[in-house]
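Look at the two complexes coming up: subunit A is in both, with subunit B in one and subunit C in the other.
Presenting the complex of A and B:
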C-alpha cells in the first residue's frame, strides 16, 4: 500500500514484462468473441486505473464515475453526428466537460467524510443517467445513438477490430505510467496521507482538499477518454451501457479485486473481472437467468476473502517469497 | 524562533466549559509545561492552538500575528506543529514515509523530503526502523515517530502531547535530553505531560489546569511547593517524593 520506493528504475523490468505479455493477448485470442473480451478488459483496465487515482490512492470511493465515462462517449459521438467533428477532437471536449463537472462536484462534496461522499457520487451518477435518458432530442434517449461505420483514423473507426485492442492497450500503458509518476510525487503522498489519516495530514500542514479535487477532475477526464473509445468500439451507445450504476460498480470492483491504490492492481482486476463475466456469459448465459450474476458474485467474494488487499499485492508477495526461497 | 501567546482561551461543549480563560506566553528557547488531572482541558488547549477546534472566546498569536481563522494546515505552515496524545501514524506506510509526509511541507520534492526525513530519524535514533510499517511499531517507537513527523515539518513551536506516556525509564531519559536539545536550538516547546519527574526536569515554566481553569503558574520549584497544586493534583507528599527521587 505504501508509495513506491525511490529506486523505480530498478523495478521497471516487471511492468515491462507485464505489458509485453498484455501486447500478445490480442494476437493469441483472435477469435471475435475472445478478442472482444481482451479489448473490453483493456478498456476496463484503463477506466479502472483512472478511477483508482481518486478511489484508490485518496480512498475516496466514487460510485458515480460512469457519468464521466458516459459524458466522454456522448460528447464525442454527438459532436461527430451533429457537427461532423472528429472523435479525435471530440474526446478532448468530453474530457474537459468531465473535468470541469468533476471539479465542481468535488469542490462541494469532498468536504464530506466517508460514506457521505460515496452517497453524493451515487446521486450525481443517477442524475446524469436520468438526464441522458430524458433528453431525447439530444441523446436519442433510451434508444441510443449509432455511429456510422466509416473506417478511417480521423473517424477513429477501424475495420479490423484488432486496432481497438491496441489503442486501448496504449491508453492502459499511458495511465499506468501516469499513475506511477503521480504516486511517487508530492501529489501521490498527499493523497495517501489523506486516505491513511486525515487529521494527521492536516497537523503536518498537508493541504489535501485542492489536491483531491484536482485528482478527481483528472480521473474524470481520463475515464471520459475511455468512454469515447468504448463508443467507437461498439459504434453504438445508450445510457444503460455507458452511464449505468452497474458500470460504476464494476470500475470500483476491478480496482478492489486487483488492489486499491496500486498501479498494477486495476489492470489485474480488470482482466480477471472481465474474463470471469465473459466466461459466465458463455457457459451459463442462457441456462437459468440470474445464475451468471450469482456465480460472478461468488467468485468475487472468494477472491476478496483470499486476498483482502487485492490480487496484485498478493501476487507480489508470492513472487517475493519464491525469490527469497530460491536464494 | 517564535513566541506563542494565548489570551483568555475559552471553549464550551454544550453546557460543559472544557477550557476557561487560559492564557500563557511560551518564548523561544523555553519549555512550558501544561499539567493537571485527566479531563483538565490540556489537550483541548492544544486543539484550540492548532486550529482543530475554534475557541468561543480568547485568541492565540504567533510572534504577534493572530492565528484566528487559520486552518491547521496554515498554522503548521506558520511554524506551529503538534503531536497527538493518541498517536496518529499513517499505519499502512513505512516509518520513513511517515516522516516524509511531514518533511513535504518545506521540501520541494519527495526526494528532498526523504533527505530531511532521514536526518530527523537519525537524530531520534530510528534509522534501523526505516522500512518498518508504522502500524506494527511498539508504543515507545510510535511516540518517537509522532515526534519525528512533527519535527520534519521544520517547526518554530513544538506542541508535545504526552510524548512520555508508555515509555520505559531509559526512553524517558533520552526523550528529556532530546527535548532539552531542541529547546537549546531555539525552539519554543510546550509539553503536556503526566510524567512529573520529566516535567520537573524539563520545564522553565509550568501552567497548572484544573477543570479547564488555570490554578497556578510558575517555575518547577514554585509549583512543587504550591499548596493549591498539591491539593488539586500532585498530592501532599509530592515535594518529599520529588526530593527523594533526585
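Presenting the complex of A and C:
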C-alpha cells in the first residue's frame, strides 16, 4: 500500500509543535542570563534563516552578511538618535539600504562561483566594517552608539526583557514560513537546481541570475531587520559587535551545523551554537584571552570533519537507527 | 618627481614580498582547487618563529630561514593530511569553513600564547641604505625583494623542469587524467600544499625585519593576497608576481596620498573592478572562477 498522501495538516503539525516548544522557552528560562541566551538564540535563528535563503538554498556562500546586519542596526539607531524617527520606521529604511547595496554587490559578484564569491563578500564586509569604524562623526567609531532607555512600543524599547524574546520569536516564525513558501515555489526549485548543477539548470532554460540577485537582496533586507532588533535589545551598538567577520561566520555556522538549505536547520543550529558559546563563556570565562575562540573553532573543525552535512541530519540518522534497532 | 620615484621603488620592494605570499596561495588553489583561508596565519607563525630564533638564539633572520622554511613545509604536510585531504571531496562550504575555522583557531592560539603585543626583529643593518641619484635604497628591503623574486622564479623553474613539478602541473590541469598516467595525486596534493606553506614561511622570514608581528598580522595581509591572486589570475604564478608588484606600488601611492586608513578601500575598489571587468585576471585560465571541483 502506498503511503498516504501528505495533507496540509500532516505536514504542519511538526513545525507547529516545534514553535510551541520554542514559545515555552522564555517562560522556562526566566533568569536574566538564561533569558538572554534564549533571546540571542532567537535573534541568531532569524539571522541565520535570512542567511540560509541565499547561502543555503542558492548556494551563494556569503561571509559579508554581518555588513547588512550592521546596516540595519546603524540605520535605525542613527535615525532615532539624530532625527527622532522611531525604529519601527527606521528598520525598514535599514532594510531598504541593505537590499539596494546587496543588489549592487550581487550584480557584480553573482557571476562568480565558490571561493571567488566568498572572497568578494568577505571584502565587502571588511570595507563596511572599516567605514563604520572610520566615520567617527556619524557612527561614533569604535566607541559605538548608545540608545537611551525610554521604554515604549513606539521606541521599540521594552522594560521587560521577555518582550524581546517574543518579538524575536515572531521574526523567526515569519522567516520560517517565508523560507518554506519560497522553497516550495518555482523560485526555490530553480535555486536548488542551479546550486546542484548550474550547467544542467541552464540547459533546461532556467535563468537564475536575476532570481539569485533578488534572493540575495531579500536575504540582506531580512537580516537587516535582525540587526535593528539586536540594537534595540542591547541598547548599544559598535562596529565590532554588529558587523564583524565573526558575526558573519557565526550566522553561516548556525545554518551549517543545523543543516544547510533546510528551513528548520538554522533554528536548530542557532540553539546549539548559542548554547555552546554561552556555556563556554560561563565555564571558560576570560581567563586566557582567546580560549573561548580556540574551543569554538576546534569544535567547528571537529563537526565539519565528522558530519559535513550538518549535525541536524546526523542526529536525525542516529535517532532513526536507534528506532530501527528497537523494532 | 623624486618623491614619485621613491614611492614607486618602496612599493615595488614590498610588492615583491606580497608576490611571494600570493604565489603560495595561488599554487595551492591552482592544484587543489582549495582557497586556504588560513594562509595568513602561516605567515604569522613563520614571523613568530623568526622572532624567537632571533631573540633566544640570536639567529639572523636570513639565516633563520634555513630552520623556519623546512618547519613550515612540515606544518603544511601535517595540515594537508589532517584537514585538507579529508575534505577534498566534501561540499564546497565544508572546505571554506575548515580552513576558515583553522584560521580563527591558529590566530587565537597565538593570542593566548603571545598576547596581542607587537614584537619586532631589530637587526643592526635595518637602517643601512645607499643612494642612487635622488633615490635612497635600503639594503635590507632590496635584499628581501631580491630574495622574494628569486624564490618565485625558483618555484616557477621547479614546476617547469622537475619531475614533481610536471606532476603538479598535470594534476592542476586534470586530476583524473593525471591519476590515469600513474601520478600519485595524493602525494602531489601533499607536496603542493606544503610548498605553499613553505613559500609563505619564506615570505614571513623576509617580512620579519621590516614589520613587527602580532597574532593579527597575517589576517591583515591575507586580504591583499586575495586581491593579488585574483588580479594575477587564480593559479597563475607569473600573474601573482606581476600583480603583487603592481599592488605594492598602488598601496605605496595610495597610503602617501590618501592616508593609511584608506588602504583597505583601495584594495576593495581594485578587487571589485577586477571582478567586474576581467574576473580571470591577467593570466588566469578562462573559466577558472566558475570552475567546479570535479
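In the analysis below, the second predicted complex is superposed on the first by the 295 of 327 C-alpha atoms of A that agree within 3 Å, B and C clash if a C-alpha of one lies under 4 Å from a C-alpha of the other, contacts with A are read in each partner's own complex, and residues count from 1 in each chain.
By our rule, contacts are C-beta pairs under 8 Å (C-beta built on N, C-alpha and C of every residue); 3 or more make two chains touch, one makes a residue touch a chain.
Everything numeric in this text was worked out from a predicted model, so none of it was measured.
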| item | value |
| --- | --- |
| Touched partner set for A:83, first subunit B, second subunit C, both or neither | neither |
| Touching partner for A:196 - first (subunit B), second (subunit C), both, neither | first |
| Touched partner set for A:184, first subunit B, second subunit C, both or neither | first |
| Residue contacts with subunit A in the superposition, subunit B compared against subunit C | C |
| Contacts of A:20 with subunit B and subunit C, given as first, second, both or neither | neither |
| Which of subunit B and subunit C A:207 touches, first, second, both or neither | first |
| Partner chain(s) touched by A:114 [first = subunit B, second = subunit C, both, neither] | second |
| Contacts on subunit A seen with subunit B and repeated with subunit C across the two complexes | none |
| Residues on subunit A engaged by subunit B in the complex (per definition of touch) | 1-3, 6, 184-186, 189-190, 192-193, 196-197, 199-207 |
| Sites on subunit A touched by subunit C in the complex | 55, 61, 63, 108-109, 111-116, 118-120, 122-124, 126-127, 130, 134, 246, 249, 252-253, 256, 260, 288-291, 293-294, 296-298, 300-301, 304-305, 308-309 |
| Sites on subunit B touched by subunit A in the complex | 50, 52, 71-74, 76-77, 81-82, 84, 88-94, 97, 100-102, 104-105, 109-111, 113-114, 133, 149-150, 152-153 |
| In the complex, subunit C residues that touch subunit A | 29, 34-35, 83, 86-87, 90-94, 96-98, 100-102, 104-105, 107-109, 111-112, 115-116, 223, 226-227, 230, 234, 261, 264-265, 267-268, 271-272, 275-276, 279, 289-293 |
